[in-house]
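Alright, structures below, take your time with them.
Common to both upcoming complexes is chain A, partnered first by chain B, then by chain C.
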Partner chain A sequence: MANAAIATAGAPTRPARYGSISQSRRWALRWSYFFLTLFAIFFLMPPFYMLVTALKSKEEIAAITNPWWVYSPTLSNFIELLTQNQYLIFFRNSALVSICVVVVTMLISVIAAFSLARMKFWGSAALATGVFLTYLIPDTLLFIPLFKMMTFVRETTGIELVNHWWTLCIIYPTLTVPFCTWIMIGYFASIPKELDEAALIDGATWMQTLTKIFIPVALPGIIAATIFCFTVSWAQFLYPLAFTTSTTELVLPVGIVTTLIKGDVFNWGQIMAGALLGAAPPLIIYAFLMDYYIAGLTAGATKG
Partner chain B sequence: MAQVSLRKVIKKYDEVLAVRGVDLDIADKEFIVLVGPSGCGKSTTLRMIAGLEEISGGDIAIGGDVVNDVPPKDRDIAMVFQNYALYPHMNVYENMSFGLKLKKTPKQVIDQRVRTAAGILDITELLDRKPKQLSGGQRQRVAMGRAIVRDPKVFLFDEPLSNLDAKLRVQMRTEIKKVHQKVRTTTVYVTHDQVEAMTLADRVVVMNAGLIEQVGTPNDLYHSPATKFVAGFIGSPAMNFIPCQLEQAAGALRVRLNDKLAFPVPEGRSSRYSAYAGKPSLVLGLRPEHIAETRPHTEPNQHDFEQMIEVVEPMGMETLVYFTINGAEVCGRVNPNAGATAERPMKLRADLSNMHLIDDTTGKVI
Partner chain C sequence: MADIAAPNSAVATRGRNSLHKLVQRKSTVAFLMALPLILLITILVAYPAGYAVWLSMLNKSMTKFVGFGNFQFLFKRETFWEIVAQSCLFALTAVLFKAMIGFVVAHFVNNIPTKGQRKWRGMLLVPWVIPAAMSTLSWLWLFDPSYSAFNWIFAHIGLPKISWLGEAGWARFSVILVNVWAGAPFFLIMYLAALKSVPEQLYEAASIDGATWWQRIWYVTLPMMRNIIAITILFSTIVTFANFDIVRVLTSGGPLTATHVFATWAFKVGIESGDIPLGATVSLFMVPILAVAATFILRDISKRGSEV
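Moving on to the complex of A and B:
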């Protein structure tokens, strides 16, 4: 950077072939590359450390060597994790919970957002704001009343809701539905009003307008909301910690912490291997759906 | 049979009256254009006919049946929107057949109707394309095609040409007229462009501030406007309005514009105008084409006068000249070779046989 600056400053007699716009653009690019590299290093450090540690043997982790390098890489942590522990059960629970939550959330929030954004009814604006306000309440404040509700259900109906992985499918949507609804309201609002009026005149019912026009047109938004929803349920820690205790009912983040940390003994190699494997599904989903995330499908609907 | 009739139709948004009692009868196969400045209630009226807005009072009937509470899909109408409103994820064929598919029309019928409509609009080769691959004019054609395939009782157009550039607009205007000649369907067309209104309509409805000012054929509106608003709205450049007084002199009525300038009223009109002699707040309405350069030979009711020209606008086939009389800016259309020069006096001739006298207190043409 400094060299480049000196070189440019030292050459004022350069022919004015390039305009000042491209000059300033070049500088802007240099700065953005600089900061992008900085941030990339900063954010990739922890995953790199995870990978390095996961590939080390117990002895190498305990030994005082360079923490950023593996001298004798081994897959023993991964093999032990996948064969001896309940890791696969946690993985299955996490997957089932996340898929259920995504399905439940998207069903509720797409329909809710459509009605709030388009079917102007009495109180729809207040309801939309209410949905957003719900999202602003942190989950750390909500889990105690939620727990109370669960025990209340048990006392009145006899149905045991605590300590089941499927209970999480009911609890997570309290976090995901408000936010996804809010995203979708914004997305639906950006679809020209004439589009649903045209559908209405063409003879579509509200439900057909939603399924045949809105969902296909708002697909990028729906995918964005789905990704968000999946990430939240996959990474959720507090609720499963509070609501599930048996090892067969645990999800990944809680499972790793409760089974791989015994008292003050941290099984670092397996913890890192587990976390690394656990981070894979969201990563894969992001990689595949990124294009949709960015695509602008509404182009050409109205005057372009 | 698809007459449309509106009876005392009212639209209220909260406390604001957008449409204040509209009465209108549209005959079967008629092409009606609603025209007026923005906010005059023309689009609201159209949307009420479509069923996209609920009506706050009165009755709307299509084909003899009152449709006040009938949802849009059961009114048997088709609408073309200003921004086309094509479904972006469907190709042209799917866009056009969407309504028929929802009605569970047999596939062969759909195919035949879509291809016929595409033929009429000359978009057969575009059927596989997505809306974003089409130009503005092509999109507008597809939007019209979507309306045509439904074979509705009434076509509704909501400013369909406003998003197109000037040249394409003229082209599509002709296109719409041709389509209406081929597919004779009752049509209600909303525009703020009086040229579109004049060229397309069987009858034009001029609206202002939520009320109908006048209904009539384009020529009616142009030559016999009922109000000052219609007189000023229809025609480009707009009609000149010059404050004047009516005076009785030597047994003849004269329109006095200022100390120097006074024209005798055409004979046939004296009896109609005489009651207004000496009254204040009268306005003389004279179209620019009735103020031209002076010529050697005079027809009845033509009067020469001289004015200092302020601005000259050459248009090619004519030249517009602007000058001030009695505080009002006046426009005249002169021959390009008449030698009009800014800040020079020019001999002009006013043709009073097409004059209008307006009572400015009521806004009505006398």
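Moving on to the complex of A and C:
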């Protein structure tokens, strides 16, 4: 069945010339819709279930009625969550960390990408490759040495880095800067050289070339990089789990997982409401800026 | 330098000396602009990576150099080999299914009229957008031992209850399922972009030559998409191999150690049990596979670079 559908893939706009071909195309289309619906159900089931549970009261969850539907929807979970201080602190920490990381990352990576793509210096080509390599080093390899480095800093300078949300602002750029620099190099390299040469002839400084020409022209790339940067910092789970423990310093993902799940008493309505609210900012950004989001996603492999 | 040498006529008249100075200044400025990046990479990525190697050669209290003692200790433990096997099983199966589902769904999306594609693509990408820790929570609730919504459906159609996260085999299945669910949309998007870039004429030529659908996929689509498929699979292998969030939230490695992968076990040993050197040793076992993938990706990039 799937075969029939794949058969005509890649040729959706070809005009039908023969009756039998248009017939088989119609069937192929029907099967495509059928399977797409199945996959959409699979992909959207957990978020849907999240929403359904978040709208249920404790009693309704415990009563084991149809888990896929809510009979008496209530907002009590959301209200409880938003009136309790803790969750708001997590939200604030997450927002502060993400915004901070976005600003730091974009400053570092746009300027560095400009210098690597256009100005060139001894070793700049090697550095560009190095930037890409560091993007491939996962957080799961670095969290233990970073943890040890933090205790070392405490022992030598007395500055406590562990268990502060602002430490994450220093650590997260390791995840975001390499990728953002990489895609910005790609975007900058695609800008015609004539543009900046003209500016230089007219007596513009390098900084003016960057701010007056490169940033405006590469704006779609910058938006894509910013979105990437925000979603990565918002979703990061390992570093805050390893480096922060007290409830006033937690960010959202870790806060929900560690504080709302208390031993064996799972308050699922609230957990789902919390997760849904936590997933909301990236989802909202995605809903409005989908094309930039996808551009950033595919840039890593197609640019370069 | 070539890019600034263009205004030659203007500069050259002022003599070699000032040109030289300008070039010199330019590269200094360029270096200074890249300096924050260089510092960040050296202090927070390169140094820790090297430090991990050093840490792995210390004893538990980090007072004595033990060489490869930690590695030897791991090699003798059965749990370690279970984790190696589970990590490989997890990563390979998950990547395989993600790639296949992504490929098939990309074809379905590409198959429908263009104006509906955006909507479907938007819906199908949602799992990738939700932070993994949050979406895994909803899976955790779907798999709940007593309230599982899947078991509710199964009970209605007369199937036995499944202990999704309580039994080693099913727990392994569940973590892979969640990983596939979260990762397949990435493949979908990449493949869809690649499919769009295959020239229509190739398919027309193929169908004039009487190619069947299978031949068209095998001889036209796959060769045209080869690069994207390779690079997507390599990327995904790295990310899946180093996965932490899903396993951690869903099972924390349990039951017993059945679903632990390198990352979660390293966290358990290194942070939770406080044996930092051993944790560093465990996490270093991710390096070989990362190195292999990175080599391939870099080769691909330099190849494309020379083509341009």
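Just so it is clear, the second predicted complex is superposed on the first by the 245 of 304 C-alpha atoms of A that agree within 3 Å, B and C clash if a C-alpha of one lies under 4 Å from a C-alpha of the other, contacts with A are read in each partner's own complex, and residues count from 1 in each chain.
Criterion: a residue touches a chain if its C-beta (ideal position, glycine included) is under 8 Å from a C-beta of that chain, and two chains touch if they have at least 3 such contacts.
Being a predicted model, the structure only gives us computed values, none of them experimental.
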Q: Look at A:Val177 in the shared chain and tell me whether it touches chain B only, chain C only, both, or neither; answer first, second, both or neither.
A: second
Q: Answer with first, second, both or neither: which of chain B and chain C does A:Pro73 touch in the superposed model?
A: neither
Q: Examine A:Leu44 and indicate which partner it touches, taking first as chain B and second as chain C; both and neither are also allowed.
A: second
Q.
After the superposition on A, what does A:Glu197 contact: first (chain B), second (chain C), both or neither?
A. both
**Q.** Broader residue contact with chain A after superposition on the shared chain, chain B or chain C
**A.** C
Q: Mind working out whether A:Val217 is in touch with chain B, chain C, both or neither, as first, second, both or neither?
A: first
Q.
Under the stated touch criterion, which partner chain does A:Gly186 make contact with: chain B (first), chain C (second), both, or neither?
A. neither
**Q.** Contacts on chain A seen with chain B and repeated with chain C across the two complexes
**A.** 197, 200-201, 297-298, 300-302, 304
Q) Any idea which chain A residues touch chain B in the complex? A) 192, 194-195, 197-204, 208, 212-213, 216-217, 297-304
Q | Complex interface listing, chain B residues touching chain A | A | 50-52, 71-73, 77-79, 81-89, 98-99, 102-103, 130-134, 136, 139, 146, 150, 163
Q) So in the complex, which bits of chain A are touching chain C? A) 2-14, 28-29, 32-33, 35-36, 39-40, 42-47, 49-50, 53, 61, 64, 66-68, 107-109, 111-112, 114-116, 118-122, 124, 127, 129-134, 136-149, 170-171, 173-174, 177-178, 181, 193, 196-197, 200-201, 206, 231, 234-235, 237-238, 241-242, 253-254, 256-257, 266, 268, 271-272, 275-276, 278-279, 282-283, 286-287, 290, 293-294, 297-298, 300-302, 304
Q) How about chain C: which of its residues touch chain A in the complex? A) 1, 3-4, 6-7, 10, 26-31, 33-34, 36-38, 40-41, 44-49, 51-52, 55, 101, 104-105, 107-114, 118, 120-135, 137-139, 141-142, 144, 147, 149, 152, 181, 184-186, 189-190, 193, 195, 198, 200, 203-204, 207, 212-214, 216-217, 220-221, 228, 231-232, 235, 238-239, 242-245, 248-249, 262-263, 266-267, 270-271, 276, 279-280, 283-284, 286-287, 290, 293-294, 297-298, 301, 304-305
